[in-house]
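Both complexes shown next keep chain A, but they swap its partner, so chain B is in the first and chain C is in the second.
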Partner chain A sequence: MSASVELRGVAKRFGAVVAVDDVSLTVQAGEFLTLLGPSGCGKTTLLRMIAGFESPDRGAVLIGGADVTHLPPHRRDVNQVFQSYALFPHLSVRDNIAFGLRLQRLSRAAIEQRVAEIIALVALVGCEARKPHELSGGQRQRVALARALAPRPAVLLLDEPLSALDAGLRQTMQIELKRLQRRLGTTFVLVTHDQGEALALSDRVALVNRGRLEQVGPAAEIYARPATAFAAEFIGQANVIEAAMIGRGAELARLRVGGDFELSVPVALWPGEAPRAKIAIRAEKIRLVAAPVAAAENGFSARVEEKVFQGASDRLSLVTAGGVRLIAMAPNVRAGQGSFRAGDTVWCAVHPEDVVVLGET
Partner chain B sequence: MTDLVQASPGTARLPRFTGWLLLAPLAVWLIAFVVAPALILVVYSFSERDELGRVVFTFTLENYRRAADPVYLAVFGRSVAYAAITTAICAVLAYPVAWTLARTRAPWRGRLLLLVMIPFWTSFLIRTYAWITILKSEGLLNGLLLYTHTIAAPLELLYTPGAVVLGLVYAYLPFMILPIYGSAEKLDPALIEAAHDLGCGPWQSFARVVLPLTRPGLAAGVMMVFVPAIGMFAISDLMGGARVPLIGNVIQDQFVGQARDKPFGAALAVIFMALFALLYWLWQRRTEGRVA
Partner chain C sequence: MKRLSSHQVFCTFLRGWTALVLAFLWGPIAVLAVYSFNTSRLNILWEGFTLRWYAEVWGHAPLMAAARNSLVIAGITTIASVVLGTAGAWLLHRYRFRGARAVRTLVGVPVLMPEIVMGASLLVLFAALAMPLGFATVVIAHVTFCFPFVLLAVQARLAGLDPGLEEAALDLGATPLRAFWLVIVPCLRPAIVAGALLAFTLSMDEVIVTYFTASPEATTLPLRIFGLAKVGLNPMLNALSVLFIAATIAVVVISERLQKTPRPPAA
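Moving on, here comes the complex of A and B:
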């Protein structure tokens, strides 16, 4: 695999605000990479740098191995799907899709053929003559996608492309987007603040926070082994707590968590000789039982403070005797089966391998 | 509009008494100062004048026959040409200004808009006389050029066709800037980015996206510049001298000048009105056709 997009130490500030701070990132050809982060983290600025709408103050942008840092957007082999779609309101679906092709000075027959091909690909047959305002949200989304894909760009950039759709349609479009990317083999770089979208779509996720890359890797890897407290809390639901080493065995280390209960973790995960470190426990990795758990099961007790019904599971806010607050999930395995209620005392069991030790104090 | 009315049947009715009452001042004004004068003009245009220039009410087509005289057709052609050139120059000058205004952020946008409007604070005649002071043989511009030895003898700037067009452009430019600005302001900047993204250079994105999407503003600007420019008489009078009479000057001459032929002036005016009405109707039909 070769590098399709490469950012080398790019930085950008707007006035006093540092939007992007020394980011280096390589996107492989044919890869689906997601820039994930909270709003204002700089992910959109990164995307706009690749598109050419922003030029970095420092660093370089490479596309297909060529330095394009100073090339304007219309000379770059990338196309973007805009958040608002930015469809040309005065043009029909067909003319919107043909827009980029006409600028490539292709023959009329070649344009017609490509437009027909791409309209079939995104399932818009029959809508060719309509204007954007005559389309539904989902159809507009497809036109935006078709328009950007028609000129066969090396890289497709997607700026929160599904955020304007309702939940059901969003899921359908996620599946379609993934299918399309696999079929075309085009490099996709998607920007989103929705972790679900990032997990569902991407080969790799680049987690962006405060203008920097927090962690880059396959979604499952970031989920299982978050490198920082931010990564642990942004993807999935995690309880980040401070822990102190109180006993070191051959395989397991004993920790005092939050100055309260004790847990064991594989000693190999602990950062060297550090006396304290932050640990993360995923909400769904806490197994809840009504009866006391054996000490060997690595558990502690807590009181249910609040229960939020979420359909597939109940989201419980727990407080331990020492005042440590935790979020846990109680799956609704069987209908009618008594879950926990506020005020109940529950026993929580966590497998030592499921405790994530974040290398920070 | 009609769709909205049909969608909610309760509102599909004529304005009630209070509605008519609110409309009354406008209706009275329109009848007194637009409909009635227009009718008087139409009646005049079929009348004759006596030796003293008084209107004699008869029915004759003589005035319209006279209007087809090559002398007047030439004046008419010249008026159309001047107005067209003025409109074209205004459009070319207005686009960058309107575009800049639309892309400027809050505090500065208001200030720049004010600069466009400030000329209206001074009387139009005073501003035209100011141009005369600048352009005349011993005026400011010639003085400056002579002083810097750019030229040896004063240039003849005033009382030329160029001076008339300059005066017209100066007078009507804001009427082109403001409607184009109104259209440009509504344009989503992402559309321009999309055009660039898909391979448009600056000119192509203007031709393919900006121009078509600001066409309503441009059309309004063309109406607001072309129509008054074609009938303007004060500028051609003051800045063109008697050398470049426009149709406005000819009409004015029939009513208050030496020619003193109100029926003939009325006929010319009626021809004009009919022509504009026709143009407006065609334009309206085209835009409606596009929407439907």
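Moving on, here comes the complex of A and C:
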């Protein structure tokens, strides 16, 4: 039922704006892949190329191994959940869902059976006769999903499907989407700018920036090993700083970070003979203590400039003696149990394995 | 006695004002309706109730022929205007092409053009083409000034339509033509009904353009009434006017029903 999707060197420009610039990407059959990126990065254009609403200026689009680059949307075995839902306002929930099935010229009995099945699947029983304007936001979202899934497409495309829902409902729908995808085994390609959604849902994430792919891989892998400064900063909270090699040992390399403090990193991570490189340190990987930590143990001191309460943790803005600014997370604990205040001096420690070397500058 | 608050005074004033405006609008029509049942030939004194004038209208063969002509012309004009106007609005909305702005302006201008100019220019055109005046020339003339109204109404509705609707239909397997028919047309229905109504009424009571383009055999009801009124006031005209008003009210009520989205029973 499900099919792979392949983009081969696709490119698209709108006037002077390059929306997509030479992107190649393969989505495996049955995979849940997320196109993640800031607004205007070209992720929606990529999705629309798969749906057939945009044709690439260069390159090819393959679905299930067949070249569909020049096939119009109505002849592609792909359905989309639109950001606006685009439910047909004059049709009931039942008729919205049956729309694609009727176009497939299925028998009346087969359509009825499939509609009932899909309505049960997305928990819309009892709403069959209602019009879209009589539904809540969450229900509309489910109708859009049901309508796209009813004709059993080989690939389901989702364009920011949860962006119109409030935070609580979004979480519930994330779980449901994931469950649905596992159960159906359909290939899902989702577009979002929300990193939390991407991390929670996808088997793999394709990070898009300025019309190009920054990095493709499982969310945890991009998180642990971001390939670029953009990847490090877009997913999670990372401090990206320039570092210079000042001593090379057998296992560890000694770096001067931001012209200020020193850190050791596994020498294998360093890009060859490069004298300088960008490194990233995740905010939550900086361990904060009150007592001094030796420089040999990757310790350095900093002053707390600002503390922002974030519920489970506090976000601290730190400044080192040499003026390097860092963001660190501190667990929200009782005063006197290791909590810091603005103006305090803290000691920071970073495990060598937790430093990400991004590459030459 | 309790003193009236300023709010109450204001409300009373508004009520009175509303009554005045309605009287201004409907007073002449009410007078007309009353006199249409008057036995007297003169619209001055009430002498008694009669349906004689309605019977005379019914029996007046030239008037009935003109009414038939008018209905047929307005019917054909409405259908042609709806098809041309809706298709034109969709094409202008959906496809970007060189000169689209100019086309939009050119289509809109005749709505504001004086009818006397439209009538004269059409007459010149038909003469140049050596087309004999008659039924066909009247219909052509009416369509030229009616379809832009449909186009403008539909265009306004299209501007507020989610472009995702067409894409969703295509995505679910509809050809562009079926997507238009199954999704876009139903969404445009209120605008199409409003446009059709405008086209029908415009065609039904048009005098000036018709005067230029009709032949004696293809004369319309307004032209015939105009001819009768020139000879002198006739109580038959009162009856005819009341029939017109009744028909107009019926059309408005029906169209309001059509424009309303039917509500399914609450779940």
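Methods note: the second predicted complex is superposed on the first by the 350 of 361 C-alpha atoms of A that agree within 3 Å, B and C clash if a C-alpha of one lies under 4 Å from a C-alpha of the other, contacts with A are read in each partner's own complex, and residues count from 1 in each chain.
We adopt the following convention: contacts are C-beta pairs under 8 Å (C-beta built on N, C-alpha and C of every residue); 3 or more make two chains touch, one makes a residue touch a chain.
Keep in mind that this is a model prediction, so the values were computed, not measured.
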**Simultaneous placement of chain C and chain B on chain A, clash or fit** = clash
**More chain A residues in contact [chain B versus chain C]** = C
**Message:** Is A:T186 touching anything from chain B or chain C once the two structures are fitted on A? First, second, both or neither.
**Reply:** neither
**Message:** Applying the document's definition of touch, where does A:G126 land relative to chain B and chain C: first, second, both, or neither?
**Reply:** second
**Asked** Should A:F99 be classified as contacting the first partner (chain B), the second (chain C), both, or neither?
**Response** both
**Request:** With the two complexes superposed on chain A, say which partner A:T228 touches: chain B (first), chain C (second), both, or neither.
**Result:** neither
**Partner chain(s) touched by A:H90 [first = chain B, second = chain C, both, neither]** = both
**Message:** So chain A touches chain B in one structure and chain C in the other; where do those two contact lists coincide?
**Reply:** 51-53, 72-74, 78-80, 82-84, 86-90, 99-100, 103-104, 147-148, 151
**Request:** Would you tell me which residues of chain A are touching chain B in their complex?
**Result:** 51-53, 72-74, 78-80, 82-84, 86-90, 99-100, 103-104, 147-148, 151
**Prompt:** How about chain B: which of its residues touch chain A in the complex?
**Reply:** 188, 190-191, 193-201, 204, 208-209, 212-213
**Request:** Using the touch definition up top, name the residues of chain C that touch chain A in the complex.
**Result:** 162, 164-165, 167-176, 178-179, 182-183, 186-187, 189, 261, 263-265, 267
**Complete:** As the complex stands, chain A meets chain C at residues 51-53, 72-75, 78-80, 82-92, 99-100, 103-104, 126-127, 129-131, 134, 147-148, 151
